[in-house]
Every structure is written in structure tokens, then in C-alpha cells.
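Same chain, two partners: chain A is paired with chain B first, then with chain C.
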Partner chain A sequence: MRFLVRRVGFLLVALWAALTVNFFIPRLMPGNPAQAMMAQFRGHVNPSALGALEAAFGVNTHQSLLSAYVSYVGNTFQGNFGISTSYFPLPVSSVIMRALPWSIGLVGLSTVLGFIIGTAIGAISAWRRGGLLDSALPPVFIIISAFPYFWVGLLSIWFFALTLNWFPLLGGYSETATPAWTWSFVGDVLIHAVLPAFTILITSIGGWILTMRNNMITVVAEDYVKMARAKGLKPRRILWHYAGRNALLPNLTGFAMSLGFVISGAILVEYVFNYPGLGFMLLQAVQSEDYPLMQSLFLLITVAVLFAIFLSDVATAILDPRTRSST
Partner chain B sequence: MRKKIRAGLFSSALALVAGACIAVTPGVLASSTAGAATQVPLNLANEQGMLWPCTFNPFIPSSAPYSVGVTYETLEFVNSLQSGKVTPWLATSSAWSNDNKTLTFTIRPGVKWSDGKPFSAADVVYTFNLLKKYPALDSNAVWSVLSHVKQSGANKVIFTFSTSAVPYFYYVAGQVPIVPQHLWSSIANPVTNPISHPVGTGGYLMSKCTPQNIQWTNNPHYWQAGKAVVKTVNMPAFLSNNTCNEYLATGQSQWGSQFIPNIQSYYVAKKPGNSYWFPPVANVSLFPNLTTAPLNDVAVRQAISYGINRPTVSKIGEYGYEPPASQTGIVAPTFKSWSSPAATAAFGASYNPTKAKSILKSDGYKLGSDGVFAKNGKKLAVTIITNGGYSDWVATVQVIAAELKKIGIAATVSPIASTNFYSDVYAGKFQLAYNVETGGPTPFYEMRQWMYSKNSAPIGTAAASNWERFNSPSVDKLLADYGATTSVAKQHTIVNKLQMVMIKQLPVIPVLEEVDWFQFNSKAFTGFPSASNPYAQPGLYNIPDWGYVLDNLKPVK
Partner chain C sequence: MNILLSVGRALRRGAAFLRRDKKAAAGSIILFILLVIAIFPNWFTPHDPAAEVFTPGVGLSWSHPLGTTSFGQDVFSQLIAGTRQSVFIALIVGLFSTVISVIVGVSAAYIGGWLDDLLSMLTDVVLVIPTFPLIIVITAYLKNASFWLMVGVLVFTGWSYGARQLRVQALSLRNRDYLLAARARGESSWYVIVVELLPPMTSLIVANFLGAALYAVLASAGLQFVGLGNINTESWGTMLYWAQNNEALATGLPLWALAPGIAIAVLGSALALLNYAFDEVANPALRPVTRRRAKAVA
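Then we have the complex of A and B:
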């Protein structure tokens, strides 16, 4: 119980700090959203539009920093994140809700899959060190994971989309399709997700394999594993319930962190594949100095990472009783 | 306008991959083979680096390009490629009176909104009063010169200006979209309303919008018989320039406004019929900061202007797409008829490095042993800032800097991230800035933005134009005189005088001509603007021009 209270306390302090930093950092950038929007028009708008935009965005309202901070915190707790300036006049929450499902679906799923597959390969290859699997898979995936993933993305576009023409080139769904819960649309989404998901998957597996394999090698040499063998337990049971369970612990924290980062999407993958997710939105928010959108996205990422770490702490506590008792 | 080419290394990698693969499988993406009876959709290639927000408010600059001209129409069509030639649109005629302070429009009868309700003069009056009530919607600042807008009789609208405001005709008649009173009067806040389902008088209705695509279908009850006959128009959202260029080059799109490197091999040679036309519309110039040394010295500005070999800059920096500009500020061939032979002759050869050096010498500069001029022990060194987001501009400025070194001016190139660049330019925090101002239907518009002292602001305060901080009462007078006359002959005389100011005082140093990016393929649709028939600006970001072009396109039978 005391463990839980401490973790929750830490969570709240970290949240407040994130909220505050998040408020001040965008304001250190030069210019204002109206000027940023003028920059986006690339000289294609009457210069007098600057005045109109400043009026629309309320940039010259001379609100003091403190009162802006107070209203920001208040609004955040009410779930009111303001109006996006780059997607003006849409509210930030609706802008984010458009992109969130795409990132969770694509990046979330491929992260989970990457973790499961990578961990399994890592555990098995450590268990059968020097075997066929161990000499083939880990080196291959570790080499692939050294490639920048946008580059793998570009190659897979070239090979699978353009040369073989198996998969669509870009987008989260066909341009002319209407998003709806129909089989044809879901199928359309899935086929569009294959290449970006594949890219994230094969570039992330290597990391999981490496850490899991190293952990396993240490754990396998432990006395309790020898003991289990001596007892004559089935190898499979020893692999997953004795060695695997313990070797998994360090990996789990890493997994929780990467789950948190699912929210930030995979900026480059989304960029290369024209994928309508949060990563690209974040990039765009920064480029157009869209403070409300930027703040909300950073906040979302921070909260997601903090909660993911919190959950991994709790999970570690469940898996490993030692973390609970030692204070 | 140019297309952003983000992160040079990365995009060139993509271009490489994309280029290679298209060579391997030509036309693999060309899925739009024409069905027998059905008309193929017209797909537009217009990379904006964002997913569509699906907002269509015609008064907000970010959403206006997707509704003005297509769905909402203006009173007249003013053609910037033909010195402001006027074609009636929602008004049948217009006339200035009362010392050019009153402008009367006769409103077209028989026009209907796309919901079937009749359009009337009351809608016009309502629209302009809406802009008065909400300055955030008045992006052309028409109410800076308007006093009031009133209806007279059934079909006339009278605009009264506080001063003679002839050039404002372009904004009032040609840029402000007319919206329906019966729908807009019930909108609580028209500034923050997304206007998701625009109802206008135009030829096209937005029929479907997803973040990935905007689709328009033609208005079956359009008031102009025989126009707006393209059935379906798609504008997919592109996040990167290269994917969009590919879409265009492979023939999936028939109309684009893209910056395409090596357009001949990358686009024209890819599909039969792929063509392009880049009409010049404005100048991309070096803006010298006139408030500080050394650029407050006209001799230095002259030396810079004579010292730049503009054809070389155009060739290396812009693939030759943007033609060399003239120090007179007149964009050729678009505004050729405005060019003053006297000013052109007085300036002489535009590239003259010998003259550049002798100007500096007679100004008291001495050439140092390092090949850089110096005066009173101070080296003649300048920093040129430019938008780091535009790789072509960065390349251009690098060539300019190399040119300046040849005449003994040490120039440093400083590419700055887009937003910071604009805030620096607005605030006057630069020595030389390479940037573009918005053009207009005659050279006057750009010159007014360059030189009108009231457009400027003190250093540190944002000035939306006149970034170099030029201030000349006699020029202000010339600009005001232009605004007071409808006589084309008098306007020419004034623009001639302004050209003399340009070559004598060099408040701005035009380097290249900004062009409208335009690619098209006439296999499925014909009627695009061309050099021989420049009836509208063809770039997909020009309002209301691209909607006007769309009205005039015809499918090939």
C-alpha cells in the first residue's frame, strides 16, 4: 500500500511539472501563431491578413503570463484545450481525436507485436544458445534495427508498393473512401497499415531480442534454474515460468516506456507514408507554432509515458515481490 | 509561392528512391483509365504538408483556398495575368463616381445559392457588413478605406470610401467572397465557425471531406450554362512534396501546382501530354535594411544590384524556372506593357560587375588585399537571411553570395526556420532578407507593399510589408495619386515614376521573378490557362482563380 501511495505521489508531482514546463516552453519561441500562419501562406495572401489573423487568434490581447497560466491549468483540468491555430477554428480536442486512433492502431499494435515477437525470439535464442535460431535471427534483426526506420520505410515503398504493386503507396485509407465501420473500409485501412506497421515492426524487434537474450543468459545461469532442471521440470515450463518471468522484468519497463511513446506516433514513418497519425500532427504543430495543439500533444505524451511507467512499476511489483518489500 | 522541401537529405533520398522506381515500372500507378461512359475524376496535386481540417470558412486565409472561387464567388473576376482585366461575375457591371470615392455594382439577377434560395444585393451588403463587424474576417482590410456599403434599389450596391481608392477595386470586387445572408445570419460566431458545409453560388459543391481528401462535385443548378462541367474533383492531402510530385508525374493527377526539381526528366518525360507553364507574378527580392549601415548607403545597394548575374542565379538556384528580375520592379512578360523604357535605359545593363566596383570605389571604399572592400577600416560584409524551409531559396542565396564576393562584398548566407524567418523579416531584424511580397493585378500593388511608408513600422515592431523600412513622402504621394485615378494612361505615368525611384534609390533589389507553379495534362480535360490564353492564375492556391479555371475546364469526349 505504501508503495502505491508513493508511486501515485510521484506521478502527481511529475504531472504538475510537465504541465508547467509545457506551458512555458512554447512561449520561448520567437514570433506568434499569426506570423507563423503568414509564413505558411508563402507570400500568397494580402499582407493585411496579418492583422486579421492576430484578431482571430487573439495574440495581442496583453494577458499577463500568470493569468494565462492559471487559466491554462484550469482549462486543462476541464479538458478544454483551446482552439488549434493551424487547424483554425477547430478545437484542439477534435483535431487530436482525428489522429489518435490512427497512431494507436498503427504504432500501438506494431509496438505490442514487436515486443511479443522480439521477447519470444530473445528468450528462445538464449535458451538454445548457438542453435540455428540463435545464429540466424538475432544478428539479422539487430542489423535491421540499426537502419533508420524512415529509410526502411522508403525501401519498402519502393519494393512492395511501387515495384511489386502489392500495397498502396500512401495514406491511412484510399483517398476517396469514406471512413465508416464497413468491411470494405476496414479492409482498406488494414491493407494501408501493412507497410508502415511492417516497417516499425522489423526495425523495433532487434532491440527487444537483444535485451531479452542478454537477460535470459544471466538468468539461465542462476541457481534456481539449475534447481528447476534438477527437479526434472519440463524445459518449456522452465523457459517461460522460471527464467522468462525473471528475465522479462527489465524489458517490461522499456516496453511501458515505448507504449507511452505510442501516443507521439512514429513521426518519420507517418511522414513517409502520409499516415494521418499524431506524429505527423506534432511535427506540423511545431512548424506552425500552434501553441494549443503543441501543448496538448506534449501533455498527452507526458501523461501517457507517466502512466505507462506507473503501470510498469505496478506490474513489476506483481511479478517480483522483492520490489514491494524493500523500502 | 514555393513548395517546402523539408530536411534536404531526407527528401533527396525519397526523390532518389521514387525516381528509381518509376524508371523501373513506368505508369504502374496510373489506375485512372477512362471508363467508356463515365467521366474520370479530376485529381489535383497540391501539397500543403497537412491533412485537411475540412473547414471551409471563405474569410479565414487558411481555409479560403478550398472554398473561394470554387463554392463562393466574388463580384468580378480580376485577372492578375492581364493587368487587371475585369470579367463580370456576381455583378454585371460596376462604375466609379464621386471623385473615385463611390463604387456602384449592379448585381446579377437570376443567380441561386446551391440550396435553391435566390441570391440578391442584400447578400452583398450583408457580406461586407459582416467583415466590418468582425475584423478577424477582413483579411484584405477593405474596411481600412470603406465608410459604408448600402443597397440602392433592387439590384445595386453602393460602396462609399473615405478616400479615393481605385486599387481597392481588386480587393472589394475580386477577392471578397459573397456569402448567403439567410444562412450566415444565424451563425453565432462566424470567426470560429468551421463552415463544414459551404453553401455558395459557385460551380462546385464540396461533397465529401475526409482528412485525406476533399471532393467537389459540380453544381447541377449552376447559373452559368455550359460551365462547371467537370463532374468530380478530388484534392488529396499530401504531407510531402515528393509523394505529391509522384502522384502528378505518374498521371494520376491532371493538374498540379508543385515545385518539381528537374521537371523535364521527372515530369514532362514521364507521360505524354505532361506540360507546365510558370507565369511570373511577382519579384523575389533582396530587402536591404535601410535603417543601418552599410545598406543605408545607396551606393552599396547599387553595387549589389549591378553585381548579381541574375541569369546565373536563376539557372543554378531555380533550375531556370524563375526568370531574372529587373531592378525597375516590373515583372516580365506579365506586366511588360508597364515597363518604362526610360528607367530601363537609365539603369543600363543589369549585370555590370565593373560598374559595381567603380561605384563602391567612388563611394570611398578601398579594395583590401583579401579582395573585400573596406571603408574607414570597416569591411563591407553583409548577412543575407532567407527561409531555410525552401531549399531552392537557400541555393539561390548561396549563388547570390558567391556573386557578391566577386565584386568585393563579403556575403554570409543565413537560412532561418520558416517562422523565425518571418518574425525577423517583420521586425526588421536583418541586413538583407531574401523574400517575396504578394503581387496583384498591376505592378502598383507590389510597389505599394514595397514602398508605402504607412505599411512599415519601427524596427522591432512587426511590419507586414515594407520590411526594408523605406520612407519617402514623394513616393507616398505618387502611390496616393495612383489610387485616385482610373485613367490607365495616368497610372502608367505614375508607375514609370515609381520605376525611376526603384533604379535611383533601390529600396528593394529584385533578383528573380516569382512564378505560379502549374503543371497540367490535357488528355482528359482541356481549357487550362496558357501563355497564349492567360485568362486566370493557374496555381491551385490562387483565389478565386483556380475555381474560375475549374469552371472553364471541359472533359475530353
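Then we have the complex of A and C:
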């Protein structure tokens, strides 16, 4: 229990830090570019949205830093992020809601899939130490993980979409298709997701393979694995039920720690494919100087990562009795 | 004299390490070549990289080994000229991040108590906040980030992973007998840390330097690619930015976009290979096993 309490505490501290960093960034930047943006808004926007923006960007001169901070935190918890300038007059929250499912679908699924496949490959390659898989895969994936994500995306667009014409070039669905829950539209979405998902998968998998392989090498040398072998258990059973389970635990923590790196890569992959998710929207907001949207997206991505980390902590607590019993 | 001797010994040991470890050898050779190109680009560039004087959009030829851009610049010359920024960013960010990692990680572990709690918490928070969106937001305000600004932002976001690892290792070394002995002799904390604690951590520190350098290469390339760097300087990321904005892939100039990416990948792989080799030094269990038994049977 103490473990989970500590992790909840950490989650809260990290959330507070992200919220505070987000609050101070526009204030610390030279010349506060948000000032010009606010001038356009006056008179066009309802007072509550204007107030939220003023608190967030520190434009309103007669508000003290502390009271601006308090109203910024309050607005954030109510989901009041102000008005987007590039999607004027839509509020930021509804603009974000459009992009959210795309990112959860693409980035969420391919990250989890990459973790599962990478962990399995890492476990097997450590199990057959010096075998074909072990000598070939880790070096290959070390090199692939040094490739820029976005460039792997460019490469796969060039090869699979432009040269071979197997997959569509850009976007989340065809421009002619109308979004609806029909088979043809779902199929269209899936075929558009193949290349970006493949890009994220292939560039993120190397890290999981390596860490799992390294954990597994340590675990395989343990006495209880020798004992299991001596008892004459099937190798497959020893691999997954004895060694694999225990090697997985540090990898799960590793998953939490490197999630931020994966998300960073995924932002650029979305950008390269013009995929209508949060990352592409973030870069579009940067290009159109839509500061409210940009800052809210940063906050949302951070919160999503922090909650994913917390979930992996909970999973660790469920899988590892030591974290539960320690007082 | 003593120093000369130990430098000589270190060099001999380094050479032996490179002979033994093919991954490390490959990584260092690539890194050395790139470093020479980065320091003396003029030895290798056939043309002025910025000059828009050639026939635009030409493919492979003897005078343009990688073709030209749609502005009529020589792609090969741009590639050579861009080496400097990527290599320097890697080395400088790697160096500064590692210094911060060592200071934070080692002092948290060595001093302990509330300082450890505070520094560990700080490290973990910086570690879990996704850095790339943060860098995007910061550079979005500071339009066209200059070289040093980019270095600053990357160091600010890149030190935490190393600090965490170094803290764990320093913690495990802290109560070893030889350290206790040094303290019992009445040595100062500085002496104990610099002479007794840090040397056994060298391979992990080097591995962290390489990891931070790799992170810097990829993150700076990503920023420049989306146009958040200074788009008027020569770098591989900027080349990708111009190639993407002029649809190099769709207009039949794939080399313009592929070449800088391969260059980044080569630099990144060199760092990753060295990193992997140093991991094996730090953790002997990971060293490759030769299957002697199998051979004996055959």
C-alpha cells in the first residue's frame, strides 16, 4: 500500500510541476508574444474565456501573479483553456477533443504493441544467448533506434506510398470519405494508420528489446531458474513463467521512464504523416502562433504521459508482491 | 611524469578495448571521421553549400554526387557543411548534461538525507515530463532558436536520465569498505568523491555522455525539421526542413531528403554502438558469450 501512496504522491507533484511550468513559460519569454494575440480578442470573446486567457498568459496588468496563478489552476481543472486563435471562435477544449481519439488510437496502440513485441523478442533472445536471434536482432535495433523517428516516417512514405503505392500518403482518412461508423470508413482509417503505426513500432521496439534482454540475462543466472531446469520443467514454461515474469518488472518501470521519449517521436511521426492527432495539432498551433492551443496541448500530453506512468506503477504493484508487502 | 604514465596506460587500455570490441571500434572510427569533417568542412566541400547557382533538381552525377536541391544548391556540399552543427550539438550537450547528471546524481547519493529526497524528486519529475513537447513550446516563443539556445534547452531537458542512473550506482558504492576506509583516514569529501567514488563509475558516466549526445542529435534534428531551429544555418535538420517544404520526395528528389537522414542515422548509430559497448564494460554479464560447449561437441 505504501508503494501506491508514494506513487500517488509523485503523480500529484509531477502534475503540479507540469501545471506550474506551463504557467511560467509564457511569462518568462522575452516580449510576451501573447500580448498581440490578446489585443485581437478584446470585444470578440466572452468575458469568462478572456479571463482564462489573461490569467494563463499574464497579459492582464492589474492581476497579481498569485491571483493569476490561482485562477489559472481553477480554470484548468474546469477544462476552461480559453479560445483557440486558429480555430476561432471554438474553445481550445473542443478543438483538442477532435484530435484526442486519433492520437490515443495510433500512438497508444502502437506503443503498447511495441512494448509487448519488444519484450517478447528481448526475452527470447536472452534465453537463446548467442543464438541467431540474439546475434542479429539487438545490433540491428540499436542502429534503428538511432534513426530519427520522423525520417523513418519519410522513408516509409517514399518507399511504401510513393514508390510502391501500397498505402495512402497522408492523413487519418481519405478526403472523400465521411466520418461514420461504417465498415468502409473504419477500413479507410485502418489503412491510413498502417504506415505511421509501423514507423512508431519499428523505432520504439529496439529500446524494449534491449532492456528486456539485459534484465533477462541477469534473471536466467538466478538459482531458482537453475532449480526449475533441474526439476525438468519444459523450457517454454521456465522461459515465460519463471524467468520472463521476473525480468518483466524492471522493464515495466523502464516503460514508464521512456514513455516520454516515445511520445516525442510520435509527435514528429504524426507531423510527417499529417495524422490528425495531438502531435500534428501541436506543431500546427506553433506554426499559426495559436498559443492557447499550444500550451493546452503541452499540458494534456504531459498529463496523459503522467497517468500512463501511474498505470504502469499500479501494474507493478499488482505483479510484484514485494512492492505491496514492503512497509 | 606520473600523469604521462597514466595517460599512456589509459591510451593502451583504450586501444586494447577497441581491438577487442568491434562495436566500439566501428563507433569510434565513424565518430572520428565525422569529427574531422565537422572541424574542417572546407577540405571536403566541392561547392559553396548555400550558392543557388546550379541547375535545380538534378539527380546523381559526377559533379553533384547527391544531386542538387530545387533551389539549385549542391546537396553533397550541404551535407558536409551541416556535419558541424550536429556533431558539435551532440558533443556539447552530451558534455554539459553529463556534468549536471554527475553533480546531481552523485551528491544526492553521497550526501543523502533530505537533499537526496529533494534531488531525486526533481530528477524524477524532469524525467517524466515529456521533453520534446516542452522544447517545442519553449522554442515556439523564442522563434528560430540559435545554436546556444538549442544547446541550453537540450541540456535543461536531457540531464535527468543520467542523474538517476548515476545516483543508483553511487548509492551502491557509497558504503563499500574502501570508501569507508578513505573517510576513516580523514580525507575530505572532495577527495573521496573525486579520487575514490568517481573512477569506478567511469564507464557509466561515459555511457551517459553518449546517451545524452544521441538524444541531442535526434531532438535537435527534429526541432530543425519542423522549422523551430534557425532555418538559415547549415545543418542536417534544416536540410530536411527545406526538403520537406519543397516536397522533395514527391517531386523526384528523394536524395535531398534521404541523405541528411542517413547522415543523422550514421552519427546516431556511432553513438549508440559506443554506448552499447560501454554498457558491456559497466555490466560484464552482458558481454557476448562464445558458445564453447557447442564447438567442443562438434
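Convention: the second predicted complex is superposed on the first by the 268 of 327 C-alpha atoms of A that agree within 3 Å, B and C clash if a C-alpha of one lies under 4 Å from a C-alpha of the other, contacts with A are read in each partner's own complex, and residues count from 1 in each chain.
Methods note: a contact is a pair of C-beta atoms (placed from the backbone, for glycine too) under 8 Å apart; a residue touches a chain by one contact, two chains touch by 3 or more.
Only a predicted model underlies this, so the values are computations on that prediction, with no experimental measurement involved.
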Partner chain in contact with A:143 - chain B first, chain C second, else both or neither: second
Partner chain in contact with A:217 - chain B first, chain C second, else both or neither: second
Partner chain in contact with A:52 - chain B first, chain C second, else both or neither: first
Touched partner set for A:170, first chain B, second chain C, both or neither: first
Chain B versus chain C as contact partner of A:29, first or second or both or neither: both
Contacts of A:87 with chain B and chain C, given as first, second, both or neither: first
First (chain B), second (chain C), both or neither touched by A:8: neither
Which of chain B and chain C A:129 touches, first, second, both or neither: second
A:298 touches, of chain B and chain C: first, second, both or neither? second
Chain B and chain C footprints on chain A, overlapping residues: 29-30, 150-151, 154-155, 157-158, 162, 271-272, 287, 289
Residue ranges of chain C touching chain A (in the complex, touch as defined): 23, 121, 124-125, 127-134, 136-138, 140-142, 161, 214-215, 218-219, 221-222, 225-228, 240, 244, 249-250, 254, 257-258, 261, 264-265, 267-269, 271-273, 276, 279, 283, 285-286, 288-291
Sites on chain A touched by chain B in the complex: 29-32, 35-53, 55-56, 83, 86-90, 95, 98-99, 150-151, 154-155, 157-158, 162-163, 165, 169-173, 175-179, 270-272, 274, 276, 280-281, 284, 287-289
Touching residues (chain side chain B, partner chain A) in the complex: 1-2, 10, 13-14, 17-18, 20-22, 24-25, 28-29, 41, 49-51, 53, 55, 57, 60-63, 135-141, 144, 171, 175, 191-194, 208, 210-213, 215, 234, 236-240, 243, 246, 282, 387, 418-424, 426, 435-438, 449, 455, 462, 464-465, 514, 541-542
Sites on chain A touched by chain C in the complex: 10, 13-14, 17-18, 21, 25-26, 29-30, 33, 129-130, 135, 138-139, 142-143, 145-151, 154-155, 157-158, 162, 214, 217-218, 221, 256-257, 259-261, 263-265, 267-268, 271-272, 282-283, 286-287, 289, 291, 294-295, 297-298, 301-302, 305-306, 309
